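Below is one structure, written out as structure tokens; comments come after it.
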Amino acid sequence: MSNVKIIIKKDLSNLQGATFITGFRTIGEVGYLATRHLALKRNMERIGYVVTKYYRDVTFLDEYGLATPFDIFYDKEKHLILLLNHILPFQREWNDFANAVIKWVKGVSVNNVLLIGALDKRYKVGNENLKWLKTSKCNMNLDYPQLDKQLLMVGPLALFTLHAEIEDLPALVLLPYADRERTDPVAAATAIEVLNKILNLSVSVNELYEEAKRIEEDLQKQMELLQRELSRGGTDRVYM
Amino acid sequence: MSNVKIIIKKDLSNLQGATFITGFRTIGEVGYLATRHLALKRNMERIGYVVTKYYRDVTFLDEYGLATPFDIFYDKEKHLILLLNHILPFQREWNDFANAVIKWVKGVSVNNVLLIGALDKRYKVGNENLKWLKTSKCNMNLDYPQLDKQLLMVGPLALFTLHAEIEDLPALVLLPYADRERTDPVAAATAIEVLNKILNLSVSVNELYEEAKRIEEDLQKQMELLQRELSRGGTDRVYM
Amino acid sequence: MSNVKIIIKKDLSNLQGATFITGFRTIGEVGYLATRHLALKRNMERIGYVVTKYYRDVTFLDEYGLATPFDIFYDKEKHLILLLNHILPFQREWNDFANAVIKWVKGVSVNNVLLIGALDKRYKVGNENLKWLKTSKCNMNLDYPQLDKQLLMVGPLALFTLHAEIEDLPALVLLPYADRERTDPVAAATAIEVLNKILNLSVSVNELYEEAKRIEEDLQKQMELLQRELSRGGTDRVYM
Amino acid sequence: MSNVKIIIKKDLSNLQGATFITGFRTIGEVGYLATRHLALKRNMERIGYVVTKYYRDVTFLDEYGLATPFDIFYDKEKHLILLLNHILPFQREWNDFANAVIKWVKGVSVNNVLLIGALDKRYKVGNENLKWLKTSKCNMNLDYPQLDKQLLMVGPLALFTLHAEIEDLPALVLLPYADRERTDPVAAATAIEVLNKILNLSVSVNELYEEAKRIEEDLQKQMELLQRELSRGGTDRVYM
Amino acid sequence: MSNVKIIIKKDLSNLQGATFITGFRTIGEVGYLATRHLALKRNMERIGYVVTKYYRDVTFLDEYGLATPFDIFYDKEKHLILLLNHILPFQREWNDFANAVIKWVKGVSVNNVLLIGALDKRYKVGNENLKWLKTSKCNMNLDYPQLDKQLLMVGPLALFTLHAEIEDLPALVLLPYADRERTDPVAAATAIEVLNKILNLSVSVNELYEEAKRIEEDLQKQMELLQRELSRGGTDRVYM
């Protein structure tokens, strides 16, 4: 029915009661930086994939092997499920994507959902580095101010939040202030530090700066280059 | 079958015989201003959601909690169901949206449908502040002139009216004259005053001006800003 | 299956053996003018609606009540079913529309189909005011010349003609010469006069000129105005 | 399932073992000219229609009656089925169209498929007037050179050829050299002469030149005119 | 369900344990050149076709007969299945195409998947002529460096790689460095030489240069010419 499928190479009953974490390459790529760092530092095991109808035609070798656009990891020790989104789904698939993943999360009886996004630094008024938001069923509280009333949150993470609310799932959204124009490791470090506290982890943020730099320099440029080539090829050469 | 789902977290039999109210952010945002004011002032309880295939990726904290694009409220004392549309559905979903909601309204045996829209002030000829319209099954009458013959009503509210007519539901459409270019609280107040009479309420319209002002200033600007950013990001950064 | 539904609020068996009449707002709006005039003058009873997936978001008060885009009328005395199309369906729905209506017409065992269109005056060669066309199963003949061979007929009425031919229904197409650029009541009067003869009616055409004038002046302008406003609003204000 | 339907008003068992012939209005309109000439000269009986989801809204009176976009004829004496395509299907329906027709052709146990297209004269090197092509299951041979290796054949006829190959049907493709820019009766005559030999017919090609001329002059111009009018109307007048 | 069908004219059980090979006309057309050369040199038998919803309307005579866009070959002696993609599927069908073919490959119990693509020469840093990549289940190793970490691979071959990874199929991707702007036979020869080793073949690469040259000169130009004509025709002549 849905155009989004979640494929898991593991007994789903093991996942019951876990915490689900995800984020996207939106403002400052904070959600991506933080979740990728967490997956790598915690040596999480890849246990599955999200596959969509308009699946992105991109792959590469990452530290953990052949990367797919949307890889699902599991951390047995800390009982965490992490969805690492190497690229954004196409916008027309956002709702389907969020809906299907949140329904799956509910289906495996996850205890808690942690969503990592960012706020644009230019709209920062006070001193805090992070604001947050939660769904009606979430009992957690953070030592940071909540997101201001009527301040809009948009993008795929907003859809994850909406579906969590509708499905009566407890979800907490971390929104560090970030630089919109570049990969922002400081904001990702803020998110990691909050996650360390919430999840009782001790993930170092030292290498995050290097990672962000390399992602910014290498991957980003390649993507753009390849993308330009591809799209040029696409229009010039009809029958290739 | 339909791409629009109505999700209710309450026993539907309680809703039987209720009055259903809705409006949209069209001319002067009158329908939105009036329904939001009513929901907040009456401390209505959120009981459900409308979810669509091309669901808007927007959420925010409103006075009553985490807002979804289309929140359904219930007022037990006055037996009112209110659909609060924080944003317009995408136009290609308008008919599906109106059709699904009206069919649901009929299914729960609602007694009466009240639709709040507006007319463009520039076409005003007489002195009246409001005109109205009703479906064949509606027996109510207002102390205002009816909408002139052959004067077209367009937009999502027109579709609600059409489907109410087709489904033999009694529906009354309130159309205060409003300023098209800005959020118009005076027009919303006119609608509220008529609703007060019809529904035997005593909702004050004082704060409506403030609310309209804040909505106009804060929310509106943010929306536009965020929207611009989002769409800029969307075209520049293919692989984010 | 089909995206077009015919909804009838009457026992279908009463309709057996009736004559089905329709027309559209194409050249000179002749098909619309003539069918609306007939429905109003004969005081026909509205008995149903055609509803489509991409239903037009337009309603207004007409002489007979709240108008829907595609209203179905019945004239008991003369045993006529009339489909009054206040606006054109979207072009991508034309075939679905014609196909669904003609299949329904066949299903209720209609005896005869009368389709009212127009020919562009600029292509007129002889003296005649009207040409006509019929499907293979139609035995009627008119005292006017038939449409010239290989002269193309296009638009929604052509699709009604095609499906009538394919479904073995007798259908007669009336094509008075009309002015393409404006609402043409003279052409509509020509059609009404032929209908008067065929159906043994005595519908006066006097008021047709006034009606056409008012439709031309009032409705038309409003439509354009409202449409422009709507589409302007649609592009400027994304989140309304 | 398919968006293309073949409707036949005759017992299909009579068609078993027949030869199926078709062509399209592509290069020089050769396929159309030749098949129409054949249908008219042989006084074939129309026995059915191809109807598609995005059916063309065009009809006209042809020598044999009310023409539909895709008429199917039968020639009892020579046991021929002929599909006369008065207009091209929309490109997005080409594959569906070819697929559905070839599957139907296979289903009625046709013996042989003859496809009439054309080659652009400007690419002619030798003296021959026609080249040809056949599917793997076809045993016929013509006294003309075969199409050069790796010379591409494109368009709806290519899809008929592909599906005939895949369905293991014997199909022969006639490709006379033609003038791309105008209706080319000489090329159509070449095709008819080859068909006369293959099918043991004696269809005269004399009137073909007249027919082509009239088609070129009358029909063509009208089509363009009407099309321009229609599309102008379509953009100017939103609510007609 | 899927819009892509694999049609095989042979007992599928014969294919069990075979090696599956494919490539596309992307960078330097290397994947196409190498797979076509292999199919022709090994005199493989065509055993089937891939057919898609938006099937390309192109056919031509190749050395082995009437070519379809996506021909499937079998080499009994070496137990190889080869998918020869004469043209690229439309981009919106890429994922469906890769998904359907890989699922079919898994279904017939293929032992090994070999994918032939290319890397853009301009990004070459070292001396090697080829880099490679493999899925988690592949045990092979080549005497060439693996693709650098985080270097993106895009296009239809990336989707074949992704689905092979997800379906737990062993797949090896050969990526010789190639000239993006022209048909590059040297890169294709590199791929063939690696295939010779892996599959214990002795396919000569001598004629590859000629083939590439002819493909470059003849086919390519024709394609472009015909394509231009076709698309010009498509816009100018609506009713043909």
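A, B, C, D and E label the chains in the order they appear, each numbered from 1.
Note that a contact is a pair of C-beta atoms (placed from the backbone, for glycine too) under 8 Å apart; a residue touches a chain by one contact, two chains touch by 3 or more.
Which protein is which chain? UniProt says A, B, C, D, E = Proteasome assembly chaperone family protein.
Source: prediction; values computed, not measured.
Any chain that touches subunit A and also touches subunit D is listed here: E.
Note on connectivity: the fewest chain-to-chain touch steps from subunit C to subunit E number 2. When the CA atoms of subunit A are superposed on subunit C, the rotation angle comes to 145 degrees (nearest 5). One simple way to say how far apart two chains are is to compare their mean CA positions; for subunit A and subunit B this gives 34 Å.
Centre to centre, using the average C-alpha position, subunit B and subunit D are separated by 55 Å.
For subunit C, residues that reach two or more other chains under the stated contact definition are 58, 223, 227.
If you check the complex, the residues on subunit E that touch subunit D are 7, 9, 49, 51, 53-55, 57-63, 65-66, 68-69, 214-215, 218-219, 222-223, 226-227, 229-230, 233-234, 238-240. Residue ranges of subunit E in contact with subunit A, taken from their complex: 25-26, 29, 58, 87-88, 91-92, 94-96, 99, 120, 133-136, 146-156, 158-159, 161-162, 165-166, 168, 180, 223-224, 227.
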